[in-house]
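Next up, some structures in structure tokens.
Look at the two complexes coming up: chain A is in both, with chain B in one and chain C in the other.
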Partner chain A sequence: MDGSHASGSKVAAADGPGTQRTQYPYVTGTSIIALKYKDGVIMASDTGASYGSTLRYKSVERIKAVGKHSLIGASGEYSDFQEILRYLDELTLSDHMWDDGNSLGPKEIHSYLTRVMYNRRNKFDPLWNSLVLGGVKKGPKGEEKYLGMVNMIGTHFEENHIATGFGNHLAIPILRAEWREDMTFEEAVKLVEKCLLVLLYRDRSSINKFQIAKITTEGATIYPPYSLKTYWGFSAFENPSQGAVGSW
Partner chain B sequence: MAGAMDLPPKGGFSYDYCRRNAMLADKGLKMPGFLKTGTTIVGLVFQDGVVLGADTRATEGPIVADKNCEKIHFMAPNIYCCGAGTAADTEAIWSARSFNFTVMQLVVNHEFYQGHVSAALVLGGVDVTGPHLHTVYPHGSTDTLPFATMGSGSLAAMSVFESQYKEGLTREEGIQLVADAIRAGIFNDLGSGSNVDVCVITKGKTEYLRNHQLPNPRTYVSSKGYSFTKGQTEVLYTKITQLKPKVEVTEGDAMEE
Partner chain C sequence: MARFDPYENNGGTCVAIAGAGYCVVAADMRLSVGYSILTRDHSKIAHLADKCVLASSGFQGDVKALQKNLAAKELVYEHNHNKKMSCPAMAQLLSNTLYYKRFFPYYAFNVLGGLDSEGKGCVFTYDAVGSYERTGYSAQGTGATLMMPVLDNQLKSPSPLLLPARDAVTPLSEAEAVDLVKDVFASATERDIYTGDKLEIVIINSSGSRRECIELRKD
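Right after this comes the complex of A and B.
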């Protein structure tokens, strides 16, 4: 699990005079939610990046398109995500320069990222992220949807639905109960919004500004940010100490 | 005259070792960590009262100590309390009276235990002023809420509540939602498991639905039954040592009185 508070574990190894590998995350993004649906993969996140306990940046894109077939979403240290995007740019550029009609699919990109993350972890110099990789590419069995994740220690797997950070605890129970094969785009958005709303209520580092992105055979679409409606009208909230004198 | 806040000599904790422990910690001794109770407990308010729910797994570290324990405790005919560990202590020390229970628990947690035990409780009941649902935290703070979850499975259960709770639920909807939330804890949290207990409290009536759902049945039972007849285990070697001849019974005291 990535550390989205600045009190991440310190791993200090002095390499020689003047070098250090102490690491903790500084500017962090919170959960990413993603799931496979009928036409491809849908991915969503909020647009916030925190600096410890301060909500420092409120318009951050944590989901980006990669090549023609994939989307990458990241939680954790934002600067490490930017570095990973640069690595992916180099990768997709050399892929394009081959000019052989083939292009890297989501499975290949996931595999590449896994190697990068795991090797950095082995050098005690991790990229402090949980990455979600989703995409659609034509394979031997037709259009194949792919969704997987890899985290800062190199743990990687494929699933029909993924959540990182707090999403592991709050969104995965909902996804496990309500995800079905071949959901329509509207149904998938509703399910994702259900998870995002719970995260908004219960994750202190999430904000009410979300971006949904989808990847299909037509390509990647990242929708403009929007907010969800919250409900605070419970009668118990109107007068909380009414039934309990002496409480607060 | 003893004040209400004086601790009876046997109650609470003895803090005599605190100074020694601090000194040992300075010398590098690693203190055992504080574990969150392996549990999912929930409560919600519906139109006629409150519904409480709990899983039935009791863990000792990584081992399931009790597969079907009871986490919903009786406080009064119209007040039940979900909790684990210390809640049982609480029941033993204080018997149910017409007290404001949350204030009492607050005092107990704050003065007695000073937060050193995980007494995280979901307390619900119905009285003349209507249905009430409270949570009590280890250090003694309380909340009054329309729905609440506690324990290691609380996030899984809370995600169910946050996405599906609304005011004015009927009894059936309330029980269904509580069971869904406990099942989310059972299947998504390793510290919770086994069965779903439910307790419905309304004005004048309380129903304790022990093992309301059993979503983890034993899937394989041998049709031949399990009997272990003599001869089933091969005996390789028998040696009998008589103890009696080795025992010397001497008259008189071996030791001075």
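Right after this comes the complex of A and C.
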């Protein structure tokens, strides 16, 4: 930021000379983990939101249901995510008002988000998020599972398992090694918890309060937050300077 | 503090080889950013018309926007003219589309392959802002610097300065061209970290088009 106005760093797009768009995020959420399993898609994240390196909020939902067939998870700027949720509410409302028995599936919602994110980057006014979209919908070939992501500049793709942020470095190797298409929900929860625990230990902005959500043909379920059991009793943790004696 | 950057390099390599009655268009399926791989199964190839295939690498967001835009224009052309767009027509359209965004370019490196109106194989190669040339073969993307000298060595295109102008199409048979494509990708994958995982090959000839997929190194 060129520092001329303290308040000018996040002005809505009322264009004119001196207007400045979001150039960096304020309150951010960390990784999202998501994977396909036997009956649908499971998604998980912690409930923290950081203000720089300060843990500002400890109980925010970063996973939400969209329409009847989808779940969205977001890392990055939390207020931008709330704006995206407003867009999606508008979208699902207008979809509902057609009242024609059709409804937008995860594929359509992902496609919509892709266009929103790419358009905003073209205006140099990005929504500072990585979004994960998962869902199941009955299609011509029966139940179709869907899992995709899109980032703040519009790069998007589909995958069987996705992890954003730190998760892309720490969780993806675990998921690649252990993921199967026919996992039961219980197995999927175990795998997701393993990833979350690694992130909790190594991602300093993650917190020990997690939410798991699933989407199946029965609809979306977002479970209440809970904690994982941690172990910090390693001897290197208890006396870290032992074995590293200084010269003085 | 880090400023917003509207571009990202997602890597990837595209190759096309034209022969007398065929064209081979190929691209790897890795999508990466920095040292991370986003996915190992992402197609960079768009089938724009019967005899016209586009392979693009660069920034995936721009690549998809560009390919969707061209596909939409092709559909309108079909409705207006009651025929599919020819490959040379699509080549000019692509050039204009890229130049239209000259001052906020599509970060996309394209190779367009197909058959021309006489049924001869054709390849068009581009830069990000729309400069283009019809050639007999080309490579674009992160692995292009590794592949292009090999293709030059194996295919020896006639100089564009020769008069009368010679055909740029390669003397190889279709099967030989496909094998060459597989070899150059396998080689580039050894040294280019942005190329690998899988290779998607589309072959267009007088009897239509077919798609082939082979595995590449995943490290």
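Here, the second predicted complex is superposed on the first by the 222 of 248 C-alpha atoms of A that agree within 3 Å, B and C clash if a C-alpha of one lies under 4 Å from a C-alpha of the other, contacts with A are read in each partner's own complex, and residues count from 1 in each chain.
What we mean here is this: contacts are C-beta pairs under 8 Å (C-beta built on N, C-alpha and C of every residue); 3 or more make two chains touch, one makes a residue touch a chain.
Source: prediction; values computed, not measured.
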Taking the superposition on A as described, I'd like to know which of chain B and chain C A:Tyr201 touches: first, second, both or neither. first
Report for A:Phe234: first if it touches chain B alone, second if chain C alone, otherwise both or neither. first
When the two structures are overlaid on chain A, which partner does A:His169 contact: first (chain B), second (chain C), both, or neither? both
So which one touches more of the residues on chain A, chain B or chain C? B
In the overlaid three-chain picture, which partner chain does A:Ser111 touch, first (chain B) or second (chain C), both, or neither? neither
Let me test your reading of the model: by the given contact rule, A:Thr92 touches which partner, first (chain B), second (chain C), both or neither? neither
Counting only touches as set out at the top, which of chain B and chain C does A:Ala177 meet: first, second, both, neither? first
So in the superposed three-chain picture, is A:Ile153 touching just chain B, just chain C, both, or none of them (first/second/both/neither)? second
Share the list of chain A residues that count as touching for chain B in one structure and for chain C in the other. 169
Within the complex, which stretch of chain B touches chain A? 45, 100, 102-103, 106, 129-130, 132-134, 141-146, 155-156, 158-160, 162-163, 167, 180, 184, 187-188
Taking the complex as given, what residues does chain A use to touch chain C? 1, 22-24, 114, 118, 121-122, 124, 126, 151, 153-159, 168-169
Chain C residues touching chain A - in the complex, by the definition given at the top: 1-8, 10, 31, 33, 36, 38-39, 41-42, 59-61, 64-65, 104
List the residues on chain A that touch chain B in their complex, please. 166, 169-174, 176-177, 194-195, 197-198, 201-202, 233-237, 240-248
